[in-house]
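The structure under discussion is supplied below as structure tokens; questions concerning it will follow.
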Amino acid sequence: MADRKQYLKDTIQHFDMTRHNVVPVVEAMNKMAFSSRDLARAADIYDRMIKDKDCGIILCLAGSLISAGLKKIFVDMIRNRMVDAIVSTGANIVDQDFFEGLGFKHYIAEEKLKSGNFDGELRDLMIDRIYDTLIDEEELRICDEITGKIADELDPRPYSSREFIREMGVYLQKHGKNPESIVLEAFKADVPIFCPAFSDCSAGFGLVAHQHARGDQPKVSLDSAKDFYELTQLKMKTKETGLFMIGGGVPKNFAQDIVVAAEILGQDAPMHKYAVQITVADVRDGALSGSTLKEASSWGKVDTVFEQMVYSEATLAVPLIAGYAYHKGNWKNRAERRWSRLLEPVTA
Amino acid sequence: MADRKQYLKDTIQHFDMTRHNVVPVVEAMNKMAFSSRDLARAADIYDRMIKDKDCGIILCLAGSLISAGLKKIFVDMIRNRMVDAIVSTGANIVDQDFFEGLGFKHYIAEEKLKSGNFDGELRDLMIDRIYDTLIDEEELRICDEITGKIADELDPRPYSSREFIREMGVYLQKHGKNPESIVLEAFKADVPIFCPAFSDCSAGFGLVAHQHARGDQPKVSLDSAKDFYELTQLKMKTKETGLFMIGGGVPKNFAQDIVVAAEILGQDAPMHKYAVQITVADVRDGALSGSTLKEASSWGKVDTVFEQMVYSEATLAVPLIAGYAYHKGNWKNRAERRWSRLLEPVTA
Amino acid sequence: MADRKQYLKDTIQHFDMTRHNVVPVVEAMNKMAFSSRDLARAADIYDRMIKDKDCGIILCLAGSLISAGLKKIFVDMIRNRMVDAIVSTGANIVDQDFFEGLGFKHYIAEEKLKSGNFDGELRDLMIDRIYDTLIDEEELRICDEITGKIADELDPRPYSSREFIREMGVYLQKHGKNPESIVLEAFKADVPIFCPAFSDCSAGFGLVAHQHARGDQPKVSLDSAKDFYELTQLKMKTKETGLFMIGGGVPKNFAQDIVVAAEILGQDAPMHKYAVQITVADVRDGALSGSTLKEASSWGKVDTVFEQMVYSEATLAVPLIAGYAYHKGNWKNRAERRWSRLLEPVTA
Amino acid sequence: MADRKQYLKDTIQHFDMTRHNVVPVVEAMNKMAFSSRDLARAADIYDRMIKDKDCGIILCLAGSLISAGLKKIFVDMIRNRMVDAIVSTGANIVDQDFFEGLGFKHYIAEEKLKSGNFDGELRDLMIDRIYDTLIDEEELRICDEITGKIADELDPRPYSSREFIREMGVYLQKHGKNPESIVLEAFKADVPIFCPAFSDCSAGFGLVAHQHARGDQPKVSLDSAKDFYELTQLKMKTKETGLFMIGGGVPKNFAQDIVVAAEILGQDAPMHKYAVQITVADVRDGALSGSTLKEASSWGKVDTVFEQMVYSEATLAVPLIAGYAYHKGNWKNRAERRWSRLLEPVTA
């Protein structure tokens, strides 16, 4: 059996979009076909969102994106006012970003591990695998514990995931060991982060431990309806919105749904004016992840003038699309939204 | 513009597995290759779960399965003690099953609508599209309202989605117009249903309306941590478990995670002994939905002796796998678990 | 290292569609959604081809279908006048079907071999792998040699692949060891088989050896233009045609193209009236394999009234579609075409 | 109905890899995960092929690559000694590259055409569609005719596709209207091009017309066995080989097979030392296009030290991989092979 250290030595390094001007490459793709043309159009739509002074930008994250080396791109998007709210799976925000904020790393798995034939050995070594990437499970348990401690120190009441993640930002500001963190940077920039399925991640483990320890006493609970209510309020207070979606799943569904929720609350909110989705999911299984943005327009969620699906695995497309918008530089003239402050009266 | 009635006339009809003995077909596939052999092995593993007297069976549902005509299969699985708990996306349980329980239907879309070119027209007609299936949006709004009313009549406190869905079962028993309902049948059989991302569905709309109306007053909240805690408790009280997963997403992640959660609560729960997943998701984007069950074993979640992925769109594979197990008849000797009762002391 | 015999012991067994009446299952799928409804529609279209007295049926085979257990279905289709011509990759016809006609078998690979981690060991043992299926490479070499011998005994001139495959049928009739063979049965029923890319298979190896041995002397050559000309002639002599395509690739392209070729030869042949394709290929890479049959209609190749793509791996869909048409029994009233005879004057 | 000119106005423009130094971007992807890391490794392997003085490089092309804007990349690879032989589908070489060499263009289709709902209209306008790209069918017919004329002027005997394509190069040198052509540039650089399934393309139409006109007289035929024999001879005369495969299908199969063919001719040729494949094809349908390069090693075709699959649609990955190798500049020290000259004694 190999040693743990042999497996956990070569770390994932995050793509720095600020160092690579991909504008000419993306522009050259604009007159090609298939994914390249779609990607160029998506990049243009994202840039339009940034230029549109009335448009709030919601970034949706599904899939293992942070462990895959895309973290710094999202951090730089926050730093440069290229995003106003984030809706994500719990894994990206807690198990991967908060985890790295605590000073831990993701590791490159050697090719043969992808086969799955060595997963028993990894199990014995307490190493977790995400396709071609490895995680030290002992470090992940520390991450679970810290989320439990954060819960222990909160007033026992229902929280939105946004409120809880904000507390994680507070924690990182005090105890963090790596400033390159979405949770930290979003906290500082008042960019709210929502994880509508918050319990199926490291934070869920911490919260289960918290609730178990509290027994019949008052405890912290995670109100997913409040998540939805809060994001809907942001929609109601903003004229226009655009979605930059990476992967599908709950974040896509949740962010699209707020248009309908606003309508139900009696406000005639416009459909999302811009929408971009990067995914390899197939439309033919009828599931939401691969469903077209045109289909979303039948539900009254997404307008169809500026929408584009891009058929690509995310690690190839995100550096090009986000990098294009970064180097176009229109974020320089964009006001920061600090949307979290709009929600504080609600939560205080 | 076509008339609404022209679009909404041909209804989806649910596959009745009790009428088709597919055992010989599935057995013949066992000595072939590719998906057919994998499907036959998956059917055998599901049958083993049913025969294993110690094994509790958790059914995971992601994707638009109910609107696609698979509802009756799941209803019959509940009726025949072939499942002990369900973890699902909200859409399947609320927007589609509860919706049909209220007497509404799903409609077959004609081929050309799949293109998306007519979604503007559908939008104007208040018709929602799921790939090749149509929904009357006005009926869906009624469904939203009813979930809001259910919330209005509950004590204002944090609920697990399971508790809330149980109340939906109570509602259907009184007011339902279609006895073929997962929510209703699960209520009657004390099969708990969890929707860990409950807010991104019709129930979410109802709950947002409820919370908005309550303002600063006490209100119903949906505690996703409690969901996780409850399902973990079921794992802790049961010797062995098996997963029958259709699609990936949050249900897959949530159900797999309870092994780790039990461990965190100090109980050395065994990994899921059996696991089957039907999906067309691709392993190469590194996301959870397509990740192998071997990969889950590196996380200590799934044992690898009886695990099988099946590469097929669900409407083809589910009738064969579930039908195989039904006609093998081993459920006749299986005790009902009535797992909801294990959770009542917790929730009361 | 494991022994060869340990790997090569469990044989692939071919699905016998005549023993499973799948008509009720397929009919039940007709009112569902996604792949099941598409499959039911495709089965209906194939049945329409059989009922249409004017329609010649061309079966297209791509992918490893014979080694996967689908051989007997195609053999039974020939026996029961459900197909009039076959266009295939060389591998299906030579390496797999002719190979089995010689008495050799395909073997079931155990799960772990799919990982690829044991391919070096297989290489050393002279075992070839197709995903989850194994082949004895020594037997495949015998197959190569026999095709070389067949070439050695022919007059040295250009042959269409159809002519050459016909000679393989003659060979099997004399020396074959397994009567369940597409090549043999097609020979007996005068169903022409075309492999437009004949050289990239076992026959190619035999022919290279033949040409190498002949040096500057006259030799057998394989005229792919003649293939195209012959199939085009069949189209020109037939009123209507239907395509039953399994997989995409060269067979799909070749069979669709004959409409245009007939037009170029001055005859206004109608587009293929019926077309069904089973594939998991994705439309988004722009390649022919996943391109829609609607797209083919822009090229004037396929009519759009009766066309249907089915998103499914072939081993699941073929038994249901072909089995449906078989048990509907409309082939009983169908005249045999014996299309090979139409081509004999050309080739003699 | 729209006018033809409205559809055929915006031309596809080919990516110029010489103008975009993507080396830093690709290097940054080397420490990420999923497709980006695989792509970086593939780029490195291709660069190794170029640096390896003993290695002949075979480029395999499947899918609609030329019409998609990748033509100039392949032209520049020929010009800069980055490739020694090409194996392709006929469509890329004849319908698309030779077609553009004649002065014709490919056109950008507007988004809505992708739906297929307008293919009837396109058909009436004599416009052919490839996903999001349009072709003037009248121009394509001219291309068909020219290939027929080329055949008419040749000695009537069996030709390899390579020989025929060489004559197309001669034609372009005399009559071509666009110097940016793979066929032309390969002719000038003595880079042989093989289309093993030559008949299912524009050249096939020309050759069918030729054979039809010749009737019983001697005629040009296309010997696919000779193709295979010729490429095998190149393998036998070269020490080492590497494959750069874009898409799968016949080109992949054909190029891999020459190792076995060489062995059958009694020469112990080494396996392909390097192999890279860009594809979105799925391994789970068992077809060759998506089969792993490890699987090919069980057949003794590809060595496993330097092999890499990249999961990406080609228009995204090819500019990065080929561009990386171009800007690394190791081709500057690479000798030209002029492999066509090795085959002339055979064909003369």
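Think of it as A, B, C and D in the order they're written, each chain with its own count starting at 1.
Methods note: a contact is a pair of C-beta atoms (placed from the backbone, for glycine too) under 8 Å apart; a residue touches a chain by one contact, two chains touch by 3 or more.
None of these values were measured; they are calculated from a predicted model.
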item: Chains contacting each of chain A and chain B, listed by label; value: C, D
item: Chain pair among A-B, A-C or B-C whose interface repeats that of A-D, sharing over half of the contact pairs by residue number; value: B-C
item: Result of counting contacting C-beta pairs for B-D and B-C, higher pair; value: B-C
item: Centre-of-Cα separation between chain D and chain B, whole angstrom; value: 47
item: Cα-centroid distance, chain C relative to chain D, in whole angstrom; value: 25
item: Distance between chain centroids, defined by C-alpha means - chain B, chain C (Å); value: 39
item: In chain C, residues with contacts to at least two other chains; value: 33-35, 64, 68, 116-117, 130-133, 280, 282, 284-286, 311, 313-314
item: Interfacial residue positions of chain A with respect to chain C in the complex; value: 33-35, 112, 115-117, 282, 284-286, 311
item: Residues of chain D defined as touching chain C within the complex; value: 62-64, 68, 89, 91, 116-117, 119-120, 122-123, 127-133, 137, 141, 144, 158, 196-200, 204-205, 207-212, 220-229, 232, 247, 249-250, 253-254, 257, 260-261, 264-265, 280-289, 291-292, 294-295, 297-300, 304, 313-314
item: Chain A - residues contacting chain D, complex; value: 10-16, 19-20, 22, 24-25, 28-29, 31-37, 39, 64, 67-70, 106, 108, 130-133, 280, 311-317, 319
